[in-house]
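You will see chain A twice below: alongside chain B first, and alongside chain C after that.
Up next is the complex of A and B:
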């Protein structure tokens, strides 16, 4: 009996040339659950006396919206970015928490010699996390171009006023690229490490040793979903900010 | 030295050294946040989420080291 840990998700079966991995399947199932849940909630909205689930949803959404407004500063901007950030939060949170449903690790599929578990934490697949990160990063670049204009955007990176500001502009390019790495590795690393830690502890000392680590994983599942969404909002806020120097220039023009 | 043994040592050193800085940094962040809450307990609701975000940012270098060592071990 050995530990079966792989960085990439395992392939369950293939449709044509397209491999269906276990985390892809999990992502589809969870998306379906979320879409159906939201559809059901939306159908049962009541104006006068809200039900239990509507109450919970209203508390969650209005609390999250107030928090986004407190970060970004204006309600108009918050209305634009809130749907994306909250969708990311809900999707990451539910896909992280879904790994704690007991019994699902026992569902396996036999492919020849090896045994492949059908469900895997969705965020423990680097491809999924990378796509979500790219959505954030590309959105931030588009917002920066829309706010500063194409020349203002390029001028931030290629600044010929002095050698120091030229160097700082080049460092900004590195900073933008580092966003991709830091945002995606943080989520992926936390979730994947939680899975590996649980597996190793279960392997070394079964049944009771993994419990504290599972609690830690539960905490980091919630915190990482929160952090990913909040960092998206913060990056958008930083990109949409007009610096004082620039406003002065614009005023003089 | 065999390749397997070298891999194990490399992974251990990577995560061991990489965890030092973020450990110190997160400790400082938590202690300052608790100090601030102690002075002004009403601001706890505002301070706690900011503390989590800044701790997660401080954590990222440890996560890089962790990912590197996981890639060395299982990649």
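Up next is the complex of A and C:
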């Protein structure tokens, strides 16, 4: 058995001409698990005396909400961004933790010559990470346009007041594009590297050697989920902020 | 693009993943985040209301106790007044009764005295009358002859009255 590492998720089978990859299937299954969990929570929601599961959900949601409020600074704005950021956190966290269910590496599918593993970490699929990153980045642009107005938004990038501010404006464009790369590759890189490292360690020394890397991976599983969601909130906060200079301009008009 | 192929980016899958994620956001928003925030807010309101009610009840209880004490004090005071009044009335009537009794007694005493005096006088006059007759009879016996009754009697009575 050779070491099988692929940067892209492998196609398991096709429905019509729609390819089903292993990480896409995993994402669907985990989404279903989350939906079932939410359904169960919603069905057993008690007003006065919460059950254990509801208690945990309440602590998680109210704690996360307070944290988002502390970043955003306004409860009204926090209420708008919270569902998206919280879903990102939960989805990434559960996807990352699901890779720790043992025995997944053993389940493979034979497609002609190659063997394809059925399970793959959902966040080790750049597509899924890219989708979430684009949601964040596009949302940030929309918020910036809504707050600053279309001309204010464009004026931030194309500033002809002085050569320096023109250059800084161009740098802002690079900065926005860099957000896509930094946000997505941070998550994808960490999880993919963790997977690869785990696979390599398992290949080299199956007993005990992978354990420290597993713990490290567990840490990054939680931290990366947290970082991704928090960065989304921070980007939104920055986009929704009106700078002092601008308020002065608006006041003078 | 080669990079996209290398990373396994496929337009169809990306779209499916986007829809998948959107559904997930919607489900968590509608069925977990919303209801739980509502539940938490409701519970918070309920607890606040409960605490407020408890404080109100405490205040009311204190007020009731105060009022009860006031009523008790007033009742006690009134009772004291009634007792005092009754005592004074009793004292008055006692004095009155005693006075009336005194008066009655002195009246009775006076009457008795008067009666005794009258009786004494009557007795005296009767004795005097008897005495006059006795003296007359004695004198008649001594003198031995019968005197004129009317004249003698007058004289004897005068003598007897002088004796007295």
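FYI, the second predicted complex is superposed on the first by the 253 of 253 C-alpha atoms of A that agree within 3 Å, B and C clash if a C-alpha of one lies under 4 Å from a C-alpha of the other, contacts with A are read in each partner's own complex, and residues count from 1 in each chain.
Just so we're on the same page, a residue touches a chain if its C-beta (ideal position, glycine included) is under 8 Å from a C-beta of that chain, and two chains touch if they have at least 3 such contacts.
Note that the structure is a prediction, hence the values are computed from the model and not measured.
Undergrad: Label the relationship between chain B and chain C on chain A in the superposed model as either fit or clash.
TA: The answer is fit.
Undergrad: Considering only the touch criterion stated at the top, classify A:7 as touching first (chain B), second (chain C), both, or neither.
TA: After superposition on chain A, A:7 lies in contact with both partners, chain B and chain C.
Undergrad: Identify the partner contact of A:109: answer first if only chain B is touched, second if only chain C is, both if each is, neither if none is.
TA: neither
Undergrad: According to the stated criteria, A:190 is in contact with first (chain B), second (chain C), both, or neither; which is it?
TA: A:190: touches chain B, not chain C.
Undergrad: Looking at the overlay, does A:230 come into contact with chain B only (first), chain C only (second), both, or neither?
TA: Only chain B is touched by A:230; chain C is not.
Undergrad: Rounded to a multiple of 10, tell me what angle the C-alpha centres of chain B and chain C make at the one for chain A, in degrees.
TA: That angle rounds to 110 degrees.
Undergrad: Touch check for A:84: first (chain B), second (chain C), both, or neither?
TA: After superposing on A, A:84 lies in contact with chain C but is clear of chain B.
Undergrad: With both complexes overlaid on chain A, does A:138 touch chain B (first), chain C (second), both or neither?
TA: Touch status of A:138: no partner.
Undergrad: Hey, is it chain B or chain C that touches more of chain A?
TA: Touching more residues of chain A than the other partner does is C.
Undergrad: Of the partners chain B and chain C, which touch A:67 in the superposed model: first, second, both, neither?
TA: first
Undergrad: Given the touch rule stated above, what does A:33 touch, chain B (first), chain C (second), both, or neither?
TA: It touches nothing on chain B or chain C.
Undergrad: Chain B and chain C, closest CA-CA distance after overlay, in Å?
TA: Across the overlay, chain B reaches chain C at a minimum of 6 Å between C-alpha atoms.
Undergrad: Do chain B and chain C touch any of the same residues on chain A, and if so, which?
TA: Overlap of chain B and chain C footprints on chain A: residues 6-7.
Undergrad: Give every residue of chain A touching chain C within the complex, in rising order.
TA: 6-9, 18-19, 21, 24, 27-28, 31, 34-35, 38-39, 41-42, 45, 47-48, 50, 54, 57-58, 61-62, 65, 82-84, 86-87, 90-91, 125-128, 130-132, 135
Undergrad: Across the complex, what residues on chain C touch chain A?
TA: Going by the criterion above, the answer is residues 5-10, 12-14, 16-18, 20-21, 23-25, 27-29, 31-33, 35-37, 39-40, 42-43, 46.
Undergrad: What residues of chain A sit close enough to touch chain B in their complex?
TA: Touching chain B from chain A are residues 5-7, 67, 70, 181-182, 185-186, 188-190, 192-193, 196, 223-224, 226-227, 230-231, 234.
Undergrad: Write out the stretch or stretches of chain B touching chain A in their complex.
TA: So the residues of chain B touching chain A come out as 46, 49, 52-53, 56-57, 59-60, 63-64, 66-67, 70-71, 74-75.
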